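Letters A, B and C mark the chains as written, and numbering starts fresh at 1 in each.
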Amino acid sequence: MLVIKDLHANVDGVEVLKGINLNIKKGEVHAIMGPNGSGKSTLSKVVSGHPDYEVTQGSVVYKDEDILSFDPSDRALKGIFMGFQYPVEIPGVNNEEFLKMALNAKRLYQGKDEISPEDFNKLLEEKLDLIKAGGKFKNRYLNVGLSGGEKKKNEILQLAILEPDLAILDETDSGLDIDALKVVANGIKEVISKDQSLILITHYQRLLDYIQPDYVHVLSDGKIIKSGDKTLAMKLEEQGYDWLVN
Amino acid sequence: MSDIDISAINSEYKYGFKTDIETDALPKGLSEDVVRFISAKKNEPEFMLNFRLKAYKKWLTMDEPDWAKLNYPRIDFQDIVYYSAPKFKEEFSSLDEVDPLLLETYEKLGISLDEQKQLANVAVDAVFDSVSVTTTHRKKLMDMGVYFCSISEALQEFPELIEEYIGTVVPIGDNFFAALNSAVFTDGSFVFIPPDLKCPIELSTYFRINNEEAGQFERTMIVASENSYVSYLEGCTAPQFNTNQLHAAVVELITLEGAEIKYSTVQNWYAGDRKTGKGGIFNFVTKRGLCKGDNSKISWAQVETGSAITWKYPSCILKGDNSVGEFYSVAVTNGKMQADTGTKMVHIGKNTKSTIISKGISTDQSKNAYRGLVRVNKGAKNARNYSQCDSMLIGDECAAFTYPYVESANSSAHLEHEASTSKISEEQLFYFEQRGISREDAIAMIVNGFCKDVFKQLPLEFAAEAEALMKIKLENSVG
Amino acid sequence: MVEMVNENELVDLFLNEHKALSDSILNDYKSITEFAWEQFSKSSLDLNRAESWRYFPFSKLLNSLKDYANYEAPTKIVEVGEEDSEVANNSIKIVSGCLDKINQLNDNIEVTQTRYADKNLVNFFDHFFKHEQESAKNPLVFLNGSLSTSAILINVKPSEEKIPTLKINLLSNEPGVSWPMIGFNILEKASLNVEIHVNSEDDKSLLIGNFFAKIKTQGELNIDIIQCDNHSNGIIFQNRFVVENAAHLKLNGFCRGGQFNRFDTEILMTNENSNVDVNFLSLTKGNSQQHHFINMSHDAPNCNSSQLFRNLLFDKSNVSVDGTVLVQKGASQTFSEQLINNLFFSEEAKASTKPNLQILNDDVKCNHGVTFGQLEEESLFYLKSRGLPEELAIDLLTKSFASEVIEKFHSEEMKTEIKKLLEL
């Protein structure tokens, strides 16, 4: 599904990723952990094509195609979804309209017709139920006036509607209290199917209590310094990152 | 002024005394002869006399600006003494030769010119009625290659440097007062920092107006060579007279590639009587810095607490790519003071950045205006500016004005401006009072908090002085 | 087209031109125009305001004025018309400065025309001229007053039922200058929504209009304006509003197209507890220019005012906003805000903002903000990462930028219309 080889990337002329290698197969759940400033968020932005990040070396191959030259919207249409750590607020753009627009862009790309208003309503209600979100998410401007937790929930709603093949969730658990975390984590579990691959970027182990990763990678100073299974995450929780970094 | 004992500041204006010292002064009035006299008196090179004459001719064609809508009686430029100097030998070989009365004056102001008592980390150029009395730490500075002396001396010793830079930042005809200054300036400070030197001590000029009828026209020039750094402080006081004195200075700063100048001012000219508004300094000053080289930086920090009239806009011309301009200002007005101050940031080079933080506080019947312009020229790709101008009013007879102009001719600019005007709420005061803090102290604390973003830009001793001055200005402002 | 002319020279030219005009126009309209003309003749374009006259199309104005030399005042008096399938009910149509049609007015709306030489009408306008004489002194206000051929006064009485929206259509369909002058007199507790469309069908017209409004105690006036011009015409509006006790004024505008647009708006909040809300959205393309001069004067306590200007700049267009907020000594408990956002879509566009905040009272809360920038990269990336193509993402963000102004419009039809006009 996704093969990252020797990936180096700069932001503002400073090298942040210094040779990342990662291989993610269909249906796998990978957790990427690491201290602040280790390059976790950069990795997600490079894969999804943020213009501020300059790839200086290496490749990102998704479904047998190097995607580095693709526009962010092309990558999204091919099935890559990124859940933002800080979703932007866009006043004046209705959330429901936006969801429909994004879904239709995808359907158009897949050669399908636009979804009918009735079908869309049905789909939306279904997904709202799935993540236990109320109608509040429909008649609002995109992320405007939502709390931190609600914004994250809105990201999961988009994930549910767009049904990507690969989802990268960047610190979806940050800034959430324990109750909100439970809701968001269960939401993710509900919407992700066995065929979808998932990358969870997180600083803490607690999200992984809800979603069991197949692999855990530790990122430090732009490189993956250790990979393992979920027990690695527990060890990190107990002992912190220092034993790995030093 | 850095070693002022704050506890000693308790009167309204403690610098209001006059020194009875014999002066060498021209009669009142301005003419081409006066300009020639000043130049001859200072034994200036030919180019300087030509510069002055050109400026004088230009000045004759110009009108006093009135756009600031400051309210003051018309200045009679023939009723001013254009040259007044304390009588002393042309040059002192040691401080023993300086009139003890003068030294005493500076002692009273809290500045010791005595080698024994000088502050180790600050070099001072003392200017008395437009003439430099002495400059401390000269030898130490010379050894590092730093020239710090009066501009008169610089004209004798490094005329080529002056010729290269004078009038390049503030042209002769820039404005009415700059033209006047260019014609008749009598002294001021000159600083040259050699390449790659971070000047380890702070340089400072202390201006004192003493003569009731003399105008003060000093000229300061700082040139920072490639990759150098200097922090410069300026302080000023004047005796308490019932008449107004004119102060029309020009300051030019030039930074070459990678250089940085930090220029801090605590302006405490006599502001006139708080009740009647009688007397006080008319302060019409042109201060401008040119970031000539790439990656250079000029930072202005000012605390304006004095003068009956303040007309002053320390500005930055950001010519070099990636150059940075900053302006941090606190202006406090009380009594019948009128302050019109602000800055201009002109973005010419690519990736240039500027920051403006201005805090105005007005009390009594005073008027306090922020006037600023951020201009992004066509070629200034990716220019950035952040401006914040806040005003606070204390009492119901004062006024605050904000004129923050922004112009952009380059679409890649990101400019952001915020301004607010507010008062100290009764709620806030009550909270303090309930905790046992007096109203007066509470106001001082709140105002200091309001000005914190600016104070933290000042050198430490300066910040303490500024806070103390503010407290005096705000005394009895709220019943 | 944009040329700088010496102001005094202009006044002389006007004075000469006027000799030819005076016979044909002034006699008919003497009652209104006398005072205005007297003031105009006395005023020069005030040099203190010279700043605010930059970009002004003097030469076009002068050329157009020559057309007036042989001007004959229209003799038609417009009767309130019956239902007309082509024109909406409760509407007024003004063509090239002349009142053309009044259609099926609501009972609570009463229109007086110049021709009736109505004393109330004359007093109403004179009041504004006298105020202008004391304060802002924009000579165009007086010039308009003396040349206007279709001064109308709209009186609105209070009504139990909601008065349907009054629609005004200002159309220019011939070359030259037209001088519409419209007064709104909102009586105590009366309330009116107005939709104004400003259009043109010709390429050489300059519309110079005076809008005067008085909103009495607890009255309410909501004006939505759409100015859309596919030609290179000029529009200059002098808007003067007096907002009295606990009265409300909302002024929403959308401007698109035209070569030169200038809105000179003065709002006086003369009594306590009033509220004023001004919102303008502009989209400028080509070489077009858009200039706003607004003067918000808080003369009484407990009033709120808010101003929002959003500008979308394309091509070589040039937009300026000069906004004064004046809080007078007695105006305690004032709340005032002003926000100006410029969004650039072209490297060659230019914008300037000149806010003047003059606060003479300590018990106020005044905020002001300005931004200059492009579409936010983060937002663009967010939308693109959801699979939206770039053009759609840009379109969405543009609408998002515009939405805060659009939402302020009362008229749903106009909201839709603006969204359509925004399609890039």
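What we mean here is this: contacts are C-beta pairs under 8 Å (C-beta built on N, C-alpha and C of every residue); 3 or more make two chains touch, one makes a residue touch a chain.
Source: prediction; values computed, not measured.
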{"item": "Chain whose average C-alpha position is farthest from subunit A's own", "value": "B"}
{"item": "A-C or B-C, whichever has more C-beta pairs in contact", "value": "B-C"}
{"item": "For subunit A paired with subunit B, centre-to-centre distance based on mean C-alpha positions, whole Å", "value": "55"}
{"item": "Centre distance in Å when subunit A and subunit C are each reduced to the mean of their C-alpha atoms", "value": "49"}
{"item": "Centre-to-centre distance between subunit C and subunit B (centres being mean Cα positions), rounded to whole Å", "value": "44"}
{"item": "Two or more partner chains touched - positions in subunit C", "value": "none"}
{"item": "Contacts with 2+ other chains: residues of subunit A", "value": "none"}
{"item": "Shared interface positions of subunit B, touching two or more other chains", "value": "none"}
{"item": "Subunit B contact footprint on subunit C (complex, rising order)", "value": "313, 329, 332, 342, 344-374"}
{"item": "Subunit B residues touching subunit C - in the complex, by the definition given at the top", "value": "376, 391, 393-396, 398-423"}
{"item": "Residues on subunit C engaged by subunit A in the complex (per definition of touch)", "value": "376-379, 381-390, 392-393, 396-397, 399-404, 406-407"}
{"item": "Residue numbers on subunit A that touch subunit C, as the complex places them", "value": "48-52, 71-73, 75-77, 81-82, 84, 87-88, 90-93, 98, 101-102, 105-106, 109, 141, 158, 162"}
